[in-house]
């Protein structure tokens, strides 16, 4: 179970392989990679030429670790890796990696999606897009709140 | 949308990157890697020292392509990659890769899990495990049927 | 009518055949009838009998017992799949 | 009691402050009360007023408006998060 908040890019192949490396009881690795889209992240206006991710150092790591711990309490997991970048990113750049290893695919898929949903509403990151009209802060999406809420039954 | 059935291993990092390469409208890539577990795949008996995956050449590709096409009809997808190996594999070896690119993570996660669930019940692959007591064919799991059935509402 | 029949996995091992070409009597016109026809060979072939967990494909598409056979079809019988 | 207050993202830009250290009157003992206290500075600070979509953390844990403050707490105010 490991969490990183960093400016640097990450290696999806190496991170995915590390989740099952040296163990023979992992049957399933589910991963998610989030990328910067050029088109209307805020739902309106022009193309995005770059984006800056601000975060709250210290709280970011704590919140991600708490989310991972909660996933570990809900499903049988053998490894979890979360990497979230901050700083300036360009369209097509990777933002976030979540990888989950488990004996069974159901647990791996559920935990991976759960971590992403919670991360979206609980981890203190904020996106500011650069557009031809200047910088604009991305609004939080109601869809993200609903996505997180469906895990609380 | 591309499907491969092959003996060779695959490169998870390269396959994942290819799903969003050269496009700026992909916000989410969900992937799944299935691996050979050493412990009791058949639910009983001894450790597995190796496994042989038999398949039905021709039908395998057709069935995977049909599953991918069905996923493409259900969700907004920008790329899908399925790779399934056959032949002799050892514990820890990769068996299957499913990668799905979409604008949004909900579609990517759902399609990736859907493809795995359908693949498990519709693609003509059969596993035979090598154990100290000799070869034994893996029994189909009822859990896989239920996992596939939940998509048909 | 003449069809090619393929057997896979444990079924192939049980029967000792991976494939055969068959000329069918007119009464055998569906997958279910073909299973019965083969099972009546007796011995190992009873693995294809009613109640056994066998899946079938015609021309590489999974089908049910009512599916009609046509001349030169490629039929396959196999146990429930276990890939992924 | 004395607390450190941090502001992030659009709120930081609106206020023109990233952080400050405050000595609070006794009447200000919860997150909600602190928000009101700050909003009463007027001008840009009204961004912290009631009804504005502002989230808060105490010592790096997300909290609600009733949460009690303690001396030397690290408080943060910020807009809803948009990572991932």
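Should a chain be cited, it is by its letter among A, B, C and D, assigned in written order, with residues numbered from 1 in that chain.
Simple rule for what comes next: a residue touches a chain if its C-beta (ideal position, glycine included) is under 8 Å from a C-beta of that chain, and two chains touch if they have at least 3 such contacts.
Because the structure is a prediction, the values reported are computed rather than measured.
**Q** Hey, if chain A just vanished and nothing shifted, what pieces would we be looking at?
**A** Contact components excluding chain A, positions unchanged: B, C | D.
**Q** Taking each chain's centre as the mean of its CA atoms, how far is chain A from chain D in angstrom?
**A** 26
**Q** Determine the centre-to-centre distance between chain A and chain B, using the mean Cα coordinates as centres, and give it in whole Å.
**A** Chain centroid spacing, chain A to chain B, equals 23 Å.
**Q** Centroid of chain A to centroid of chain C, CA atoms only: how many Å?
**A** 48
**Q** I'd like the Å distance between the centres of chain C and chain D, where a centre is the mean of that chain's Cα atoms.
**A** Here chain C and chain D have centroids separated by 72 Å.
**Q** Which chain C residues sit where two or more other chains touch them?
**A** 84
**Q** Identify all positions of chain B at which a residue touches two or more other chains, and write them in rising order.
**A** 34, 105, 116
**Q** So, with touch as defined above, which chain pairs make the list?
**A** A-B, A-D, B-C
**Q** Note which residues of chain A are touching chain D in the complex, please.
**A** Where chain A meets chain D, its residues are 34, 53-56, 58-59, 62-63, 84, 95-96, 116, 119-128, 137-141, 144.
**Q** Within the complex, which stretch of chain A touches chain B?
**A** Touch residues, chain A against chain B: 11-14, 16-17, 20, 23-39, 91-92, 103, 105-106, 108-109, 112-113, 116, 143, 147.
**Q** State the interface residues of chain D toward chain A in the complex, per the touch definition above.
**A** Within the complex, chain D contacts chain A at residues 6, 8-10, 53, 57, 60-62, 76, 78-84.
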